[in-house]
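Presented below are the structures under discussion, each in the form of structure tokens.
What follows is a pair of complexes built around subunit A, which joins subunit B in one and subunit C in the other.
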Partner chain A sequence: MATIRFKNVQHAYPPPKGQDPVYALKEVSQVWEDGSAYALLGPSGCGKTTLLNIISGLLTPSEGKVYFDDQDVTDLPTSDRQIAQVFQFPVVYDTMTVFDNLAFPLRNRGTDEATVKKRVHQIAEMLDLTANLKKKASGLTADGKQKISLGRGLVRSDVNAILFDEPLTVIDPHLKWQLRSKLKELHQQIGVTMIYVTHDQVEALTFANKVVVMYDGAVVQVGTPVELFNKPKHTFVGYFIGSPGMNFLPCKIDRGQPVFHNNILATSHPVSDDLNGRTVVGVRPEFVEFADDGIPVVIEKIEDLGRYQVVTVKHESEVIKMVVNEDQRIPAESPKIHFNPDQIRIYCDDWLVEGGDNE
Partner chain B sequence: MTYSRKWFVPTLYILFLMLPIYGLIAMSFKTTGEILGGFSFFPQNFTLANYKVIFTDPTWYNGYINSIIYVVINTVISVSVALPAAYAFSRYRFLGDKHLFFWLLTNRMAPPAVFALPFFQLYSAIGLFDTHLAVALAHCLFNIPLAVWILEGFMSGIPKELDETAYLDGYSFSRFFVRIFIPTIAAGIGVTMFFCFMYSWVELLLAKTLTSVAAKPIAATMTRTASSSGYELGLLAAAGSLTIIPGAIVIYFVRNYIAKGFALGRV
Partner chain C sequence: MNKTLNQKAWWLVTPVLILVAFNAFIPLMTVVNYAFQETFGNNVFFWEGTTWFEQVLRSDRFHDALVRQLLFTGMILAIEVPLGIGVALTMPRKGHWASVCLVLMALPLLIPWNVVGAMWNIFALPEIGLLGHTLNSMGIDYNFTRQPVAAWMTTVLMDVWHWTSLIVLLCYAGLSSIPDDYYQAANIDGASRWAIFRFIQLPKMKRVLTIAILLRFMDSFMIYTEPFVLTGGGPGNTTTFLSIDLVKIALGQFDLGPAAAMSLIYFLVVLLICWVFYTIMMRNEEQ
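Up next is the complex of A and B:
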């Protein structure tokens, strides 16, 4: 067990001939605290897997250092790092039985056979694999094989971290829930650092106590699910987390207050006037409501999702989405909307501008 | 067509294919006199004398032994050289990898006859002429590219995460390669060995050019149709029948995987 630290880690894959290298990972400095459950969230191609492979040593970063506690492991081979990793697609040793597959990581580290047996049975029990232990791994279905991969990742209790690279992609939806809660349960039991890569926000928010949002090769925000929802540090986080994502409207700043198409949006956190860059105001659809007095809009579309309705409205050419409770009345004539002043965020060049009078 | 007739066309086809083989086998049980005398579908005077000659006369049975020795040496060399090469092609990107891979294939486009003369001169110069190793090495010319191609196809079918998982589980590269990777692609290795065996077994020109007495292959022995005792067609037929057997045995072992080799377009 160890705290994993990244110090200015960057990684570029070898470029095609005659082109500049493209950085898959741009300068990440990040501490992964021992025993936490992290979710690494971001769209495909944002560098999540690269980051994971740097932790496990499958990739050596082009620049920067990786430390486990105080030891520099940047050049340490994978086999000496004591990391378990589960990949997106099942990887099993076809020539071995399920039992031998699960026992493999333990036996390689010289664990005695009695302990191996005990651990393998525990893990098999947890993953519903007990009935298959004696079978050849090659005969199993895709989910069966993926369960073996998961089991092999979880079987050692002395690892520095367990990394999951979208491990539940090939698993049936109902089993997904079950396995995810089992992973969480296991995390609480053994308290080993877990890093879980996903592009599914629900998966990330339910699994982790800390979510790391990545965008275009950089970590844009680390926080609890609540922090990510209430105070996205970057427009991408606002857009990516939440369904529907945050509304972003172009604005000017006048005496600390954002002005959107000549409508002053009162905010409880005024900002400084001299922001250099493109400023936008961001507000979650949950914090937009119909009001008697406010910005006049035209209703474009109402989607009824059962529990709530998503209303799409338009002011000038700007589209605003709002979440409205089922029982709430939607005004038929000249609707006006109002933004909750506590929940208005201002972004300059995509980064959050901290207001003066913040909570 | 009704179900009962469906067997007709394939049966005809198989008969057509089997006919020359049957002819060969039938001939091997006839005396040379009967063969020259005229056509008969069944041996009139059934005889095992031809086989007896082959199994007792060293000039005949040594031909088989020589052939088997150089074919086995060649298969071992080809596969053991091709395994790491194919691994490199399937797992790494390096400068000119695609060109090199294609160039390997072009080695198969030149007829072996092109290389017979330079090989003859080279092996004579370094004292390898008329050894099993000479033929085995010469056959590597076309068998190694073939082996690399076939194995690369099988290896690319194995996700690279298998390698990574083995490192994570504490294996070094060499242990992974021997203990996990080779067993995983065992079917591919079997198919590759079959094709190396086959091509080396049937190749005549290089084998004949590079040997005289000590390593003379069976195919070369069979090219002498007449000896001091006149034509020996019965003997030749028996030798030919025996030549088919090793291939048939080898193909039996890889019969389930061979289609995969073809499906990968690598054969």
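Up next is the complex of A and C:
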């Protein structure tokens, strides 16, 4: 068990001849606290897997250092790092039985057979694999195989962290949910650091205590699901988390208040006027409501999702999405909308500008 | 429900059936014909029953050729399979060198059998051949036209040179199909190089390796052209394998009956060994 620290880690894959290297990972300094469950969330190609492979040592970063507690492990090979990793496609050793599969990491490290037996049975019990222990691993279903991959990580009592690289991609939807709750349960039982890579926000938000959102090779925000929802630090986080994502509207700043097409949007967190850069105002669709007094809009589309409706409206050429409760009436004539002043965020060049007062 | 009858497909199948009939079925039946009868020409046949079969199966000559054949096939498989796997494992997976290696590996396979025989004949000639001359000038007495051991070694070496590539290419294909995840997982599980080979690479290569071994077995068991050009079955009879012997009996001595009987026995031996090997491999697969 260890706290994992990244110090200015960067990574570039070898570029094609004659081209400048493109950084898959741009300067990340990050502490992964011991025993926490993290989710690494981001779109495909944002550097999540690169980051994961740097932790496990499958990749050596081009620059920067990785520490486990106080030990510099940057150049330490994978097998010496005590890291377990579960991959997107289940990896099982086909010729072995389930038991031998689970015992493999222990036997490779020269553990005595009595301990191996004890640990394997313990882990098989946790993962509901006991009945299959004597079967050939190749005969199992995808979720069974993925459990084996996971079991091979759990079987070692000394792992510093278990890393998951989109482990549920190939699992059937109804089993996904089961396996995910199993993971969460396991985390609570054994308390080992888990880092879970996914591009599915639901997966990330349900699994993790802390979500690390990555975008274009950089970590843009680390926070609890609530923080990510309420106060996205970057427009990407606002857009990526939530369904539908945050509304972003171009604005000017006048006396601390954002002005959108001559409509002053009252905010409870005024900002300073001298922002250099492109300013936008961000507000979640959940915090936009119809009002008697406000910005006049045209209703474009209403999607009824059962529990709520997503209404798309337009002011000038700007599209605004809003989430409206089932029972709420949608005005038929000259609708106007209003933004919740507490929930208005202002971004300058895509980064959040912290409001002046409370919270 | 009315199904429309359409027999037009027969027009597409018939040419193939005719072709198979003429190049496989009819010749095979002719051989069967000769194997059970005696003829003195003019299409006059006398029934002989199993006489020819008994004669062939009892003859020392057939036994010797069969033993030589088994020994030869065993030797080339014992060399080519491990060597092929070894080479496939060391070949680069990506980049320019991968293509270069693949082309180099494929080259021997593109050379016609008799050319291979002729090349090795010249290569191994004791006075002027590169191999023969080099060995002799190093003080090793080497003459494949006179020494049985030298003839054997040269024949085996020639086959290894010609056909190891096939095993390499098939194994390489098998290895290329293994996702990186497996190696990474093995790395994380702390597997040794040997364990990676034993539990990941070998199982994944098993299917193609089965095919490779079957192909090499059949081909080498029926080998004719290369040793015929290289040694002509000599010195003496030391490199006379089954097919060479068969041709000697059929065309050299014109003993059509025994030759036909031998062909059928030969055919059944190949069939039997292939079947046994394949069944064993597939049974392992199922378990």
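The working rule: the second predicted complex is superposed on the first by the 358 of 359 C-alpha atoms of A that agree within 3 Å, B and C clash if a C-alpha of one lies under 4 Å from a C-alpha of the other, contacts with A are read in each partner's own complex, and residues count from 1 in each chain.
Methods note: contacts are C-beta pairs under 8 Å (C-beta built on N, C-alpha and C of every residue); 3 or more make two chains touch, one makes a residue touch a chain.
Keep in mind that this is a model prediction, so the values were computed, not measured.
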Under the superposition described at the top, does placing subunit B and subunit C together on subunit A give a clash or a fit? clash
Mind working out whether A:P14 is in touch with subunit B, subunit C, both or neither, as first, second, both or neither? first
Once chain A of both complexes is superposed, is A:T78 in touch with subunit B (first), subunit C (second), both, or neither? both
So in the superposed three-chain picture, is A:Y67 touching just subunit B, just subunit C, both, or none of them (first/second/both/neither)? neither
Examine A:K136 and indicate which partner it touches, taking first as subunit B and second as subunit C; both and neither are also allowed. second
If we overlay the two complexes on their shared chain A, which of subunit B and subunit C does A:D94 touch? Say first, second, both or neither. both
Please work out whether A:N108 is in contact with subunit B alone, subunit C alone, both, or neither, and reply first, second, both or neither. both
Between subunit B (first) and subunit C (second), which does A:F229 come into contact with in this model arrangement: first, second, both, or neither? neither
What part of subunit A is shared between its subunit B contacts and its subunit C contacts? 53, 56, 58, 77-79, 83-85, 87, 89, 91, 93-95, 104-105, 108-109, 149, 152
Given the complex with subunit A, which residues does subunit B contribute to the contact? 93, 159, 161-162, 164-165, 167-172, 180, 183-184, 186
Okay, in this complex, where on subunit A does subunit C touch? 53, 56, 58, 77-79, 83-85, 87-89, 91, 93-96, 104-105, 108-109, 136, 149, 152-153
Using the touch definition up top, name the residues of subunit C that touch subunit A in the complex. 179, 181-182, 184-185, 187-192, 195, 199-200, 203-204, 287
What does subunit A use to touch subunit B in their complex? 14, 53, 56-58, 77-79, 83-85, 87, 89, 91, 93-95, 104-105, 108-109, 149, 152
